[in-house]
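You will see chain A twice below: alongside chain B first, and alongside chain C after that.
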Partner chain A sequence: MVFKRFVEIGRVVLVTYGEHRGKLGVIVDVVDQNRVLVDGPQTGLPRQTINFKSLTLTPFKVKIQHGSRTGVVMKALEEKKIMEQWKNTLWYKKLCSRENRRKLGDFDRFKVMIAKKRKAAMVNGQVKKLKSLHTMK
Partner chain B sequence: MVSKSRDVRRKLKEQAAKKQAQSTGMSDKVTKAKRKWYPADDKPRKRTSRRKVQKPSKLRASITPGTVLILLSGRFRGKRVIFLKQLASGLLLITGPFALNGVPLRRVNQRYVIATTTKIDIQSVEIPSVDDSWFKKNKKKPKSDEMTDTGKSKLPESFLNAQKSLDSQLVPLVKQVPFLKSYLCSRFSLSYGQFPHEMRF
Partner chain C sequence: MKSWLHQYSIVGRKLPTQEEPEPPIYRLKIFAPNVVNAKSRFWYFLRKLKRVKKSSGEILNISEILEKKSTQVKNYGIWIRYKSRSDTINMYREYRDVTVNGAVEQMYKDMSGRHRARWSSIWVLKALPVAAKDCRRSKITQFHDSKIKFALPHMCPRAPQKKYNTPFKAQRPTTIVQ
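Up next, the complex of A and B:
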């Protein structure tokens, strides 16, 4: 395995912990081994140093100089349409659905459970069919 | 000059009033003050009764008639039931309905209940006139010599009839909403990764 995402200037990151959890930002500067300066003008993430234990690296990167100001970061993000790209990822969709599931009430949870069971039954039925076909041959 | 005479007249009036008061109501006080001894014992004073009066507890805002509740304790714990009304004692009157999940007309404390956001419109349902005295059991058991007697007394006819009429009204309402029937028939339980303090109901 070769690493493909690095802590580097211009790397788009997702905050996964704390007050700004779920917001996207860009690494503007690397402070030390543990912390980076992050700015997320499009998602309302204020410019700040964050320990990157509470960050996840995304596959996106933006071309900026180190220490770029908020306006420059904003422009770079808009140019590459990072937010649109992010919203198309499966990752983002999973986060959304997890959030939606969390909001469900008891009755809705019950309905989800039934739907899951039905889906599993359908899949298992097909699998059984294919298996039996396979063994017949 | 006129004002002065008025003042004088007022003073006279006041004096007259004082005299009258002394001769009637105030006269007791005068004699009391003249007494030269005190009673040795204190007069027993009537105590204000401190008996507690149980006020019906306030109904939680999330519980309204028709709300589906999850019972948390007792024989029917985990059952999902329908809230009908609050009784005078503050307890909640609920039913399964009995025909669906076997929970009869029953009283529960709202502390032992989770209110869900699911609600059924039960405005059209005629709730039988049930009060707390309904649920009081006869403590005296009729003595019987036979060993075969199980000691179980049959429920009064009125109770059974009320349950029947309620069920016949509630069940069609429940059936209108898809999945609601099987929802009420199933028990609530927690599974892996579910934390009640983080869940919404």
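Up next, the complex of A and C:
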């Protein structure tokens, strides 16, 4: 199993548990084998130590020195346009859509159902066409 | 971050009497969860060091010592003296943390886990940040690497909120972070 995402200085992480759920941060320093010092100035994650249990590593990385201050971290994030890259990922889009789904009202859920039915009708129509072509052959 | 322990600087002295109108003033730095406990520990230690009791003394000042750089990882050396079941032992232990309070907390938990030593049987003699080159424990010096890098080979997925901690799940967990 080849590992591609490592805990290292500059690794961008996503907080998945606690009050800062959903915020991106950068690993600024490693405290010990369970905790890292994380800072997320772009997303409002205050500089603090977090356990790996509350984090997920992302594929993004910035170049910073260990123990860099918040200003330096902010600059590095802006240079590499991490927020843009993150918002273009499928991962982020899925998280967004999950949140939206949770906030739907009854009418919105009805609209979703209609849209799903329409999409299924289009897909099944095509499948039927392809099947009939195949059997004819 | 809410911490359990706080560091207090407590200044006290024996009550002035006819024979001794200006008794010497002593200051102790105590790690305790609150002010009440801190004052109690102050008298406990001062009684062992000097001939003064709470009833014959007074606390002049108690103030909390706050961490100056609470967002910088430091190596803490903690000198302790603890009572094991048969005798008392001196120890020097090292912990990596962001505040001295956090390091001392770690020490108490570590001592209780490794040596079954309880709060009441541990005396913290000194707790200071130690420079990386002066650290003695390999467990701590292994993190002294400016290009530190390691994978997380087995990540147990955690429910994002406590209420989603159900005993049964629809899918098997993925422990790989890649």
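The rule we apply is simple: the second predicted complex is superposed on the first by the 135 of 137 C-alpha atoms of A that agree within 3 Å, B and C clash if a C-alpha of one lies under 4 Å from a C-alpha of the other, contacts with A are read in each partner's own complex, and residues count from 1 in each chain.
Convention: a contact is a pair of C-beta atoms (placed from the backbone, for glycine too) under 8 Å apart; a residue touches a chain by one contact, two chains touch by 3 or more.
Values in this document were obtained by computation on a predicted structure and should not be read as measured data.
Once the complexes are laid over each other on chain A, chain B and chain C both fit without any clash. Chain B and chain C, viewed from the C-alpha centre of chain A in the overlaid structures, lie at an angle of 90 degrees when rounded to the nearest 10. Of the two partner chains placed by superposition, A:98 touches none, neither chain B nor chain C. Of the two partner chains placed around the shared chain by superposition, chain C is the only one that A:5 touches, whereas chain B remains out of contact. Of the two partner chains, neither chain B nor chain C is touched by A:134. Which of chain B and chain C touches more residues of chain A: that partner is C. Superposition on the common chain A brings chain B within a closest Cα-Cα distance of 10 Å of chain C.
Residue overlap on chain A between the chain B contacts of one complex and the chain C contacts of the other is empty.
Within the complex formed with chain C, the residues of chain A that make contact are 1, 3-9, 16-17, 21, 29-32, 37, 39, 47-49, 52-54, 56-57, 65-67.
On the side of chain A, the complex with chain B involves touching residues 102-107, 110-111, 114. By the touch criterion given at the top, residues 68, 70, 80, 114, 116-118, 179-180, 182-183, 186, 188, 198-201 of chain B touch chain A in their complex. The residues of chain C lying in touch with chain A in their complex are 1, 71-73, 96-98, 143, 146-153, 155-156, 158-161, 176-178.
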